[in-house]
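Given below, in the form of structure tokens, are the structures.
Two complexes, one shared chain (chain A), two partners (chain B, chain C).
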Partner chain A sequence: MIKPVALLGGRSALYSIIAIAIALALIPLVLGYNMYYVYLAAQVVLVTTMVLAWNIIGGYAGQLDLASSGYMALGGAVSGLLLAFYNVTPWLGMPLGALTAAGLAFLIGYPTFRFGVKEVWYALSTAALVVILQRVFWLIYGSTEIYMPVHRWSWYHLRFSRYEPLYYMLVVILLVTLWLNIRIKNSKLGYYLTAIGEDELAAEALGIDTRRYKLYALLIYASILGFVGGIYVNLTSIVSFRMFDLWLGIVVAVMGIIGGLGSIAGVFMAAVILRTLEEYLRSMFGATIPGIHLLIYGLLLIVVGVLKPEGFAGFLKYFRRRLARGGSGG
Partner chain B sequence: MIDPAYATQILINGVLMGLLYSLVALGLALIFGVMDIINFAHGDFVMLGAYLTFLIATYFLIDPTVTIALTVPLFFLLGIAVYKAIIKPVLGAEPLIQIAVTVGLLMFLRNLALAIFHAEPRGVPYTVFSTPITIGPITIPLSRAVAGAVSLAVLYIVHLLLTRTRWGIAVRATADDREAAALMGINVERVYYTTFGLGTALTALAAALIMTFSRADPYLGLLYGLLSWVIVAMGGLGGVVGVLASGLILGIIESFGMSLVSTGARELFLYVTFLVVLWVRPRGLFGRR
Partner chain C sequence: MVAVGSAILSVRNVTKRFGGLVAVNRMSMDVRSNEMLGLIGPNGAGKTTLFNCITGVYRPDEGRVFFEGREITGLPPHVVVRRGIARTWQKVRPFKKMTVLDAVTVGALLKIPSVESAKERAREVLEFVGFPKEKFARLGSEITLIEHKLVDLARALATGPKLLLLDEVAAGLRPHEMDTLAKVLLRIRDELGVTMVIVEHVMRFVMNLSERIIVMHEGVKIAEGTPKEVASDPRVIEAYLGTKPV
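And then the complex of A and B:
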């Protein structure tokens, strides 16, 4: 039998997950159960989950995937349309959404990796995928917005008059994604993916079946996003073609890069800080300077790329080294 | 079956758009082919060029096509400045870093435009090329015909530049083998910044042509950026001819898709073609290596 601590990838990882869980659990209380703030907190948790899921394919395996919003919207559309048209509970819709997203990821990913589509071409093909999905959805449903049914408090429909239940569900998914990140990082799969991310040719020369492991990473990533999509549509109450938003996919990848590829702590921090900053800037300048947060992301990205390719993780490492030196009295 | 006259009309529309697409992609093909740099911000130079054309044309009340006298040299200098500031430091860096930096540039440019002009599209009030030409059942907007003809001429000029001048020989040698070219006494640094400058200047030219029949909005960047990459992917590194052929194919596919299925399906046809090309011919349809 494996000890629970080992299953979590070590004692320190267990402690950090517990600490994050407690902190996130207390946030609605800290925010005074203000509806608007809890909604924003849910958005931050959602994007952090997306970035952590992206970290598996983008950070570890080094594949610049821009389709995270596409997979999430697909899962959300499956779950949301089932709920709106057939009154199917999202508890069933979410796994189905995950399955659909993973199915699509397989259909696209298999030939993509089989034919050696890499680097810029991979990034572009994933960007194209989001646009294709959006156009297909538009051809079927047009630009009408499909609203989720209204219920005061229904666990069957996952419709509530407050945001706390959805917030806590998102927190659980975030913690599971965090746990998966840690588990994968310390497993055979993680080592293979990191090797692929660093030098794919060398990894292949060492006998790693790069196609297979890239596909695994893609499937895990797409499943998480497809699953969380079901909660996303209930959070916003709308299913529409606008969900297939390439910009969100780009922003998720940007946060992963600014956080430092493959660094769980860096990626986590980048997502939380940048998404919160975005809301702050939007509330301050949104009316006068739309998109100012993206302007700042852009500048950050240029600075990180040119000066500090390790991203936030580089700063984290620097501080840790400083602290360690301080602790040993040096 | 569709009416032959209608089919010809669709074909002509497609060819004219395809010529313009080739011109937009030409700069990217040069930059990618010669410098091996992954520039995601190419489309946003087109967007920036469209806004600049709008500003100059409305301020001086002149035709958008005349503005190129100002915008093209300006963009040549802008290209060199961008190269020196952010492209040079990441030359030879891993693809992910290059993509990150140019995506950063893309986000910066696009949101700068959004911040200044907000989301409403801006069109120039006046162009001399507004009357359509009618030949039997076929109608061609003059602005599109001019855009197509100018694009073709510029493609030919760049082709001549690359094949007949000392600069062109230096560029092609650098594209083939950077180190060997440097050893032969070619100033690689100068080849790089002139190529980036020219590639950027071409977007200003394309933008002026686009403005004769379309409007500037912040979303132009993503459309033309992706489109250019699709053309480069299809063209491989087959030079101007590859770019031209790919642009024409895409223009025609798009035109038929839009006319026979739905105008909203425009991107659908472009990107499905793109995915298939990537899978079937990873080196492009006209690749020479």
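And then the complex of A and C:
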């Protein structure tokens, strides 16, 4: 059983990562290697990775970025198009995708932070970025869907007749992202980003070059998403303008907020639970009550907003305090 | 009059306008090394704006600012701190979701790159300003006003400044809390050798602490001298109390 509480501490961070690794490794077995369920599990792992990447810019640095899906789709498009048109292996395509996403993030982030675009305005400009990327892609490739080449089992193309290999690759990326989150949180970068997220002017007055550090956070976030995009397109087998999906970017931010901005364990749990719940609701009621998962999201947001503005992290802290009290016999 | 050379901070003819309002008007002043200078004046006199012009929050429209003989006019706040000028805030700007210790650690990280050593330094600074040890792990949202003021002070002090600008540090405090704070400030100057400029509304507080006081009114300096001289200056009395009705 995963002990998310331990994640809050940091001392036992390694054990937590190992526990999560083992749990995730066993999931295909638990699901009976059912193709559809493993596919869904891969989706859950993917979104969890996105939310953890978002936590760096949104949770720590406090920038309400809605462009996660844009960066992921851009990286995915680079990797996928190279594979489809030039037979370039995703092993090269994924780093190139990460580089492209980071390059775009720099082009966008530098002026944005230079001219002090903040809060709602930052959120709106990142939302616009996803829409612009989609339009540009559409102008070049139109509405045709570009299919990834078919291979029964090729590690060169990362094309398989089953989903397990991609699932395990996603798990590895998730674990690396998790580890990065923990490393950042306990480093100078983490302290600085958290200070920026709390009060930018106060942070600046303590010697933090806020523009530079926000840019660091944005670049790390965009790189992870650009990298994972290469696996995403192989998972769905399609590159198309639909990948540039603003709704997904919003969902990622919502999960990060519900999880409790900056809390690794909270964000991790929110992503896993909400995404699994969404798939469950979709498969159960999708035909009869379409959109029920949206309704649940809305309700959850309201409940969390009213009861626990700190999100899942608030609940975790509450339980940890109770456990600590129980442990000391009080 | 002190020559420019012996001053740690020199403000020369600084002007800052907001639309039609001239908040600071051709203001000049020198801060001497290791002194505790009081900067007083009624509401809207331009004291905080002047602080913001010195620390880089605002860029002055005219005039120049020198620190240790080097020009710092218009440098961004994070560079100004690196040069050795730290500040506190009139309205506390706490890091609410961070513990007190972590908040001060952020300040210490400016000069100490390792988090562990910076934390150690933060502990020392918090103890120095007299922050209760058992509350180091409290969150910024869980402490009282005087504790906020102490954290704000410790945070600034942790950056290792030569000059500390205190913006209404005593505002909202009870008399005995002010006495505690005054003692801390004296220790900061005497034991750490930090020069201070204290912007203050509470007259008693600043009159007791400062050996030299500058009075601002409507953006200009109207008086400068010892607390006694300043207190009996007719222009100062007029600025605070208004003129006698005819």
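Assume the second predicted complex is superposed on the first by the 319 of 330 C-alpha atoms of A that agree within 3 Å, B and C clash if a C-alpha of one lies under 4 Å from a C-alpha of the other, contacts with A are read in each partner's own complex, and residues count from 1 in each chain.
By definition in this document, a residue touches a chain if its C-beta (ideal position, glycine included) is under 8 Å from a C-beta of that chain, and two chains touch if they have at least 3 such contacts.
Everything numeric in this text was worked out from a predicted model, so none of it was measured.
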Touched partner set for A:254, first chain B, second chain C, both or neither: first
Touched partner set for A:262, first chain B, second chain C, both or neither: second
Partner chain(s) touched by A:132 [first = chain B, second = chain C, both, neither]: first
Which superposed partner A:22 touches (first chain B, second chain C, both, neither): neither
Partner chain in contact with A:111 - chain B first, chain C second, else both or neither: first
Chain C versus chain B, contacts on chain A by residue: B
Touched partner set for A:287, first chain B, second chain C, both or neither: neither
Which of chain B and chain C A:298 touches, first, second, both or neither: first
In the complex, chain A residues that touch chain B: 62, 64, 108, 111-112, 114-117, 119-121, 123-125, 127-129, 131-132, 135-136, 138-139, 246, 250, 253-254, 257, 261, 289-292, 294-295, 297-302, 304-306, 309
Chain A-facing residues of chain B, complex: 38, 86, 89-90, 93, 95-101, 103-112, 114-115, 118-119, 222, 226, 229-230, 233, 262, 264-268, 271-272, 274-275, 278-280, 282
Touching residues (chain side chain C, partner chain A) in the complex: 55, 57, 76-78, 81-82, 86-87, 89, 93-98, 102-103, 105-107, 109-110, 113, 115, 118, 140, 155-156, 159
Of all residues in chain A, those that touch chain C in their complex: 186-188, 191-192, 194-195, 198-199, 201-210, 262
